[in-house]
Every structure is written in C-alpha cells, then in structure tokens.
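Both complexes shown next keep chain A, but they swap its partner, so chain B is in the first and chain C is in the second.
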Partner chain A sequence: MKRANLALLIVLACLAALPLVGGAYALRLGTMACMYAILALSWNVVGGLAGYPSFATAAFFGFGAYATGVLLNAGLPLTVSILAALIGSFVLAGLLGAVLLRLRGHYFAIASLSLVGVLRELVNNATDLTGGGMGLNIPLASGSSIMADALFFFYGMWGLLLATALMVIAVSASKLGFGLVCIRQNETAANMIGLNATLYKSIAFGLSACFVAAAGGLYAAWVHYIDPSDVFDILYSVKPIVMTLMGGLGSPLGAACGAFLYLVLEEVVWRNYIQIHSGVLGVLIVALLLLLPHGLVSLRFRNFWRKAKHV
Partner chain B sequence: MLAAQIIINALVLGCLYACIAIGFSLVWGVLNVINLIHGSIIVLGAYLAWGAYQSMAISPWYVLPVAVPVFFVFGYLLQRLLLNRVLHAPVLVTLTLTFGLDLILNNAMIYFFKADYRKLTLKPPMGSVSLFHVVVPVDRLIATVLALALTGLLYLLLRHSRIGRAIVAVRLDRDAAILMGVDVRSIYAIAFGIGAALAGCAGVLMALIFPISALTSSSYLDKAFVVCVLGGLGSVSGALAGGLLLALVEGIGSAAIGPAYATTLSFALLIVFLLFRPQGLLGRKGFE
Partner chain C sequence: MSEILRLDRVSRRFSGLQALREVTLGINKGEVLGLIGPNGAGKTTLVNTVCGVTPANSGTITFDGQDITRIKTFQAARLGLSRTFQIVQPFAEFSALDNVAAAALFSQPGESLKSAREEARAHLAFVGLEAQASQSAATLTLAMRKRLELAKALAMKPKLLFLDEVNAGLNSAEVERATKLIHQLAADGITIVMIEHLMKVVLNVCTRIVVLHNGQLIADGEPRDVIKNPAVVDAYLGQQYAQRNAANG
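Presenting the complex of A and B:
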C-alpha cells in the first residue's frame, strides 16, 4: 500500500477517537467532516482519476436523501433504506454515465450540472411522493437521548467514510484505476489499445455516486427534514471540487485533508461573518486557484530543503 | 386565439432569452470559458436600471448608453486581472474560478440591496396594445425591440468592424490569428468586456419586465446555458434561434402539460441536444 493511503487510514482512525475528547458540538462538526470527506473522495474518482469535471454530486446527494427519506417514511429500517439508496444510485449513475460521459469538457460539465436541475424539478413536482417544495419530514430514527443520537450518526457517517476510503484505495490500486488514469491522459489512445472506456467511465461514475447517495441518506435521517433547495443545492457539487483542489487533485489523502480544512474554514467564516459567508467562500476559491493551483499536497517539506541546498 | 397569444408571448420572450445568452455565447465561443458570473452581471444591470429610476426617474432605455461602457470596463478588467491567469488551465479551473467570482458578486448584491424582490414600476404605466385579440404590454414590446437591436448591433460589430473580425478570427483559429498579428490577449479581454456589457444591458431590459433580486441570477444563467446549447455556440444567429426555440418549447410545454414541468422540459431538451446535436441548431459540426 502506498504511504499516502496508509496516512489516510491513520487520519481516519484518529478521527474515530473524536467522541473521547469532544462534546455534542464536536460530534456535529465531526459528522459534517466525514460527510464532506465522503463527497470529496467520491468526486475524486471521476474528477481526479478520470479527469471528467463532474458537477453531478448534488444530484446524487439529493437523490440519496430523498430515496432514504421516502423509504423511511414507508416504514423501512434505516440500514435497508440507505443500502437501497446506495445501490439505486450506483445503477442510476452507471446508466446515466454511459450516456453523459460521451460528452467531454465543457459539455460534460454542463450536462452534469443540469442533471441537478432535472432531479430537483422532478422532486419538486412529484408532490405526492416527496412533499414537493414543502419538503419531507423524516421520522426520528430512535427515541434515545440527544448525545446517543449524535454518537450514532457520527459513527454511521464515519463508517461510510471508511468504506469510501477503502473503495477509493481499492480503485486506485486496481486495473480500473489504471484505466481511468489512461482515460484522463488520452482517451482516444486508451480506446485504441482495447480499453473499454465507456464501461470504465460508467463504473467510475457509479462508484462516485453511490457513497454520495448513502451520505445523503444518512444526512436526511440526521437532520429529520429535507427540501429540494437544500439537498439539491448546487454548492454540494462545487464544495467537493474546492476541497479536492485545496488538498490536491487525484490524491485521496489530499481530498480528505482538503475536506477537513474546508470545514474548519467554513465553520470559522459561518460563525463570525454570517452575512458575507458565501462571498468569503468566493474569495477563498479565487485565491486558491490563483495562488495555490496544485493544492496543499504540492507544498512538500522536501522542496523547502531543496531550496535550502541551493542557497 | 389562445394559441396565437401563446406563440406571440413565446416570440417576445425568445428575443429576451437571446439577449441574455449572446454575451455568454460570445465568451464561451471565443475564450472557451463558461462564464458563471454572467447571471449576476445581468442582475447588477437590473439593479442599475432600478436605482436610476428610483432615485432620478431615468427610464431604463436611457440607462443603456451608460450601462455599456460601465460594464465593458468591468468585464475588461475582470478578464485582464483574474481570468487571464488561468485561461489555459483545464475546464475545471476556469469553471470553479468564475463560480467563486459569482459567489462574491452575488453576496455583495445581497449585502447591499438585500434579498427582497424589487420591481421597477413605470409611472404612468404604459398599457398594452392588442391586435386580433392578442395582447402585448407596451413595456415588454419596447424591451423586445431593444433586445433585438442589441443583438443586431453585436452582429454588425462582429461582421463589419476591425475588432469584430479579429474576435471572429481568434474564435476560428487562435494560432492562425496570432500569426496574422492579432493581439490575442487584448482580444480576449475585449470579448469578455463586450460579453459583460451585453449582460448588463440585458439586465437593464429585464428590469422592465421581471422582479429584481440577486437570487434570480441562477435562473438567468440556466437560460443562457440552454439557449447556447440549443442554438449553437458563439454565433449571434444561433443565440437568436436557441432563444426562440427555448421560449416556444417552454410556452407550448407549460400550456400543454402545466407550467411546473416547463423547467424540467427545458433541461431535458438541453441534455437531448448535448447528446445528439452538440453543435446546436445552427452550429457547424466539428467546429468546437
């Protein structure tokens, strides 16, 4: 196993010890951190490895949230509902991917962006099933105390994050991951040497969607109320990209660390400057892209030493 | 008679859609950048018209000559100072950068103008004209005519001016344009400036018709996307065709299956076009 992947697992193990040191607020932040890391790691499969600029994260997040919400309201247990959302979105994304991933560059970006719009409008209009614009109330998962609930959802999200990380590590070590990198570098050439690019891309799109949908489902059960403008928020598509760019494109460790760092920044801005929080996010994005285009991973201590040698 | 009314409404709306989209289409075609800040610039233009009417009672059509240079300079500087640095970066970077800029501008507008919906109400109201039982409000008609005039102006600029020919040359083949002595960097900035100026003017016209709020910027942006993809990229006639098609589909669709599904319909149409005719109605194949 590569050193960076091992470091990722160690970071996750440290995160699991959070309940030992923090209270309910820390648990809430920890749950959000796990959720963001799931989104960033998942996006990295299709955006970082295969190089397709997908803006569809919000579509699958919302899909998972609504699938889980509807199933929970139908009386199914939480695990079954989330599992159904996971499998459902894998299949949905795989099928959509086979069609949409024929597009490249800007056209793919726009198509994936409009997927969010299509799903949001469908959910908005299917009032009988989803409550439409009024949103959907979701029954409480358990009647236990607030702290036990917080702990439950933290470990639930953490478990999903671990599963996502293992998936990403397995993908990058497998033939699939190698094929995706080939597709990013030169898709035509990859096709020429007999790599089934459509199949690979569809699987990658499915894998990048399924854990996002599961995270959406758990989020829905956690907050007990969802509405289309919340879970189909286009920011859920953009945030993972910013996190990954922050950490470094294509590196799972970078994506996860970028997600944690992003959450810290977001929380600080949200707490202190609620009026201008999205503007500050914008400034952050612009500064990041102009000043540190390769992410935090590109800042290596080795480079500092190298410079020192020259001097 | 209802059918005629629906079609006339769609034609009026289609010209406005075209006006929203031409600047976006120009920037996309020439700079190869999807300019996500476009929707917010439109809203800024609408606020300019609203502010001028509220404070000095200047009618929106007199605001247009002011809006053009103001927004041109804004766009020119934006491109020169920020976008120019990432122009050859992958799609992801340019998209995310313009998204960040959009967040800043949008948040600034919410901060200064609040999120309340404003409406520019002309006093006295201009009434409406009716012909064979088809009714069109006069202010909407004026906005349509001005939108068409702006579209025509851009067409003339691209066709007959030196700068316009240089912009088209850069769009067709950047490297050849460089070899012919075109200063590509300044053409990029000028094209972005023109795009911003058109967005600002479109906003001024929208203020006549639609409520104004920073929250509406994404719906303008969505329309620009769809129009560009339907009509074909980077050509004025393509934007006009796309705008009319979108307005017709929305108008007829919402009359036939209900207005709630009109947006879904336009997005579905967008995806179908992306897959089967990515060059749009009037675009040339293999042009991109």
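Presenting the complex of A and C:
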C-alpha cells in the first residue's frame, strides 16, 4: 500500500478516539468532519481520478437523505434504509452517468449541476411521499440519551467514512483506477487502446454517489427533520470540490485532510466573524489555493525541519 | 492471399464536406500498404472510419470476416485493429512504461497490471526506449513520442496496424530508424497500412500503394506503376517529381 493511503487510515484511526477526549460539541464536529470527508473522498473518484468536475454531490446527498427518510417512516430499520439508499444511488448514478458523462468539461459540470435542481423539484412536488416543501419528519430512535445518540451517529458516520476510504484506496490500486487516470489524461487515446471509457466513467460516477447517499441518509436520521432546500443545498456540491482542491487533487489523503481543514476554518470563522463569516472564509480559501496550489499534500514537513536547522 | 480488411462503398460526410466517397478497398494479410494523397484527401478519415471514431455514413466494413461498420472504438481495439496518431496522443503524466502497459492492459482480456508492465518493457526495448521507461511521456522528444506511439500500438497485439505519418517531423536519421522498425514488423507478419508523405519511405517499405484524392480512390497497384500514373502525378506527386523519377530511371 502507498504511504499516503496508510497515513489516511492512521488519521481515521486517530479520529475514532475522539469520544475519549471530547464532549457532545466535539462529537457533533467529529460527525460533521466524517461527513465532509465522505463527500470529498467520493468526489475525488469522479473529479480527481477521472477528471470530470461533477456538481452532482448535493443531488445524491439529498437522494440518500430522502430515500432513507421515506423508508424509515415506512418502518424499516436504519441499516436497511441506508443500505437501500446506497445501492439505489449507485444504480441511479451509474445509469445517469452513462448519459451525462458523454459531455465533457464545463458542459458536464453544468449538466451535473442541473441534476440537483431536477431532484429537488421532484421531491418538492411528490408531496404525498416526501411532504414536499413542508419537509419530512424522521422518527426518533426512542429511549436513548443525548450523549448515546451523539456517540451512535459519530461512529455511524465514522464507519461510513472508513468504508469510503477503503473503497477509494481499492479503486486507486485497481485496473479501474488506472483506467480512470488514463481517461483524465486523454480520453480519445484511452478508447483507442481498448478501454470502455463509458463503462468506466459510469462506474466511477456510481461509486462517487453511493457513499454520499449513505451519508445523506445517516444525516437525515441524525437531524430528524429534512427539507428540500436543506439537503439539496448546492453548497454540498461546491464544498467537496473546495476541500479536495485545498487538500490536493487526486489524493485520498489530501481530500480527507482538506475536508478536516475546511471544517476547522468554517467553524473558527463562524464563531469569530459571525456577520461576515462567508466573506472571511472565501478570502481564506482563495489565499490557501494561491499559496498552496497543489494542496496540503504538497507540503513536505522535512523541509520545515531542514530550514529550522539553519536558523 | 486472404483479405483481412474489406471496405465496400464506404462514405463519410462532415456536414458540407464529403470526406470519403464510396471507397472500395481490400487489404490482404501480411501486406504493407501505402496510403498516400494530398493533405485533406481523407487518409486519416479513412483510418478513423475503420476504427469507429467517425463511423461510416454508408457502406460496409469487414474485418477478419466480421462486420465492423458500426463498431465502437474500444471494441475495434480489442479485435486487433490498432493505430498510431499523426498528432501523438500519449498519457502525458504517465511514464513511458505505464503508457505501453495501459495499452496492453485494456486491449487484452484477463491481463493484470503487473503482467502488462512486464510486456510493456519488451515493447519499449523493441522501439529502443528502454532507457526512458520511467521518464514521463511529456518529457520525451517528438521522435521518442512517435516511437512510444508505436510501442503502444504493438502492445495491443495488432492484426492490422495503421501508421499515421509516423515519420512526420523527424530528421533523416530518425526516419531511417523508424523505417527499420517497420521492416521488422512486416517481417513478423503484421499487416500494415501506412499513411506517409515521404515517397522515399513509401517506395522502400510498401508492397502496394493506393492513392486518395478528394475522398476517392484514384489509383491502386504496384508502387512503381502507381507513381507513373498520370492522375496521381497530377493530384499529388507533381510534374517535377515525375520528371526527376523518370530521369533516375
């Protein structure tokens, strides 16, 4: 296994120890961190490896949230509902991918963006099933304390993140990952050497959607109430891209670290500059991208030590 | 000799431009066919049409007894149709080795990345790039990239190989080296169709020549006969070439 991938698993293992040192607030942040990392790692499959800038993350996040919510209301257990959302979104994304991924570059970006709008309107109008604009209440798990609840959702999200990370590592070491990198570099040449680019891209799109949908499902169960403008928020599409760029495009370790850094920035800025938080966050992101164009993974800590010696 | 590829009244149009007009052509197994003609005659379109990049609007194409008129590009590659690009198309971030390994990996069923890399090493050695194996394709010189294209095409174990101007932009020593490689491939029994402007190379290597002009075949036959054909002289070679050729006997 590559060293960066090993480092990613070590970071995740450290994250699992969070409940030992933090309270409810730390657990809430930890759950968010895991969720963001799932989105960023997933986006990295289609955006980083295959080079298709997808803005469809919010579409599958919302799809997963609503699929899980509806199934929970129908009386199914949480694990079954989330598994159904995961498989359903893999199939849906694979089929949509076969059509959408014929477009390249900006055209694909806009088409994938429109997917968010289409799904949001479908949910808005299917009032009987989803409650439409009124939102959807999700039954509470009965009889557990606040702390036990927080712990449950933290480890749930962490488990999904671990599964996502293992999927991403397996893909990057496989024939599929090799093929996706070929497609990113030169799709014409990739087809010409016998690579079924349409199939590979569809699988990549499906893989980038399924864990996002599962995370959406767990999010829905966590917050107990979802509405279309919340879970189909376009920011769920944009944030993973920013996180991946901050961490390092194409690198799983980078995507995960980018997600954590983004969450820290978001939280710190929100606390200290409540009136102008979006502006400050934007400036910070632009500054980071300018100073570290290849992301956090391009930092070499050895260089810091070497410099320190000569001081 | 049996036919490996048959084009029957194949036409291809790009909106207002008729790039191929009812081209009928048979290519025999083991042959080295020269495909010549002025710029814009439709030579590359012919290759693209056979490989499924720009499918034919009408007519049929048969490869090895199988109708491939509507085939997809990646399927054509797996059947044993391989090509080099006039404008080289490497995977720029990959090393030379991985470029060739990718070609072996995706064109052969059941190939693993490890075995593909081993095979790739042999193909790189054949084209004389073993020293550059770990160098990224973006850093290779044009001549090296052309040879890399060739190694990629060979890694696909082609039955029929299209060489689209492999010598364009090379100096005379590099051309000589490339010509030697083509001779070796022909000796190994690979059927070759080469698009080429350097008549010296065409006459040196090819066993038969066909001439395209405005999307139509205007000549087909032995190299010595074709270059004396008045229609070919008019459309492509020019009077000067014909006179010089006649003077040299």
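Criterion: the second predicted complex is superposed on the first by the 294 of 311 C-alpha atoms of A that agree within 3 Å, B and C clash if a C-alpha of one lies under 4 Å from a C-alpha of the other, contacts with A are read in each partner's own complex, and residues count from 1 in each chain.
Following the convention adopted for this analysis, contacts are C-beta pairs under 8 Å (C-beta built on N, C-alpha and C of every residue); 3 or more make two chains touch, one makes a residue touch a chain.
Predicted, not measured: the structure shown is a model, and the values here were computed from it.
In the superposition on chain A, no contact is made by A:A163 with either chain B or chain C. Of the two partners chain B and chain C, more residues of chain A are touched by B. In the superposition on chain A, A:I193 makes contact with chain C only, while chain B stays out of contact range. In the superposed model, A:G179 makes contact with chain C only, not with chain B. Of the two partner chains placed by the overlay, only chain B lies in contact with A:N125; chain C stays clear of it.
In the superposed pair of complexes, A:A98 makes contact with neither chain B nor chain C.
When both complexes are overlaid on chain A, the residue A:Q275 reaches chain B alone and has no touch with chain C. Looking at the shared chain after the overlay, A:V11 reaches neither chain B nor chain C. Taken together, the two structures place no residue of chain A in contact with chain B in one case and with chain C in the other.
By the touch criterion given at the top, residues 175, 178-179, 181-182, 185-186, 188-197 of chain A touch chain C in their complex. Chain contact summary for the complex, chain C toward chain A: residues 51, 53, 72-74, 77-78, 82-83, 85, 89-94, 102-103, 105-108, 112-113, 152, 156. Against chain A, the residues of chain B that register as touching in their complex are 28, 32, 34, 82, 85-86, 89-93, 95-97, 99-108, 111, 218, 222, 225, 229, 260-261, 263-264, 267-268, 270-271, 274-275, 278.
Within the complex formed with chain B, the residues of chain A that make contact are 47, 51, 53, 55, 99-100, 102-103, 105-107, 109-111, 113-115, 117-118, 121-122, 124-125, 234, 238, 241-242, 245, 275-279, 281-286, 289-290, 293.
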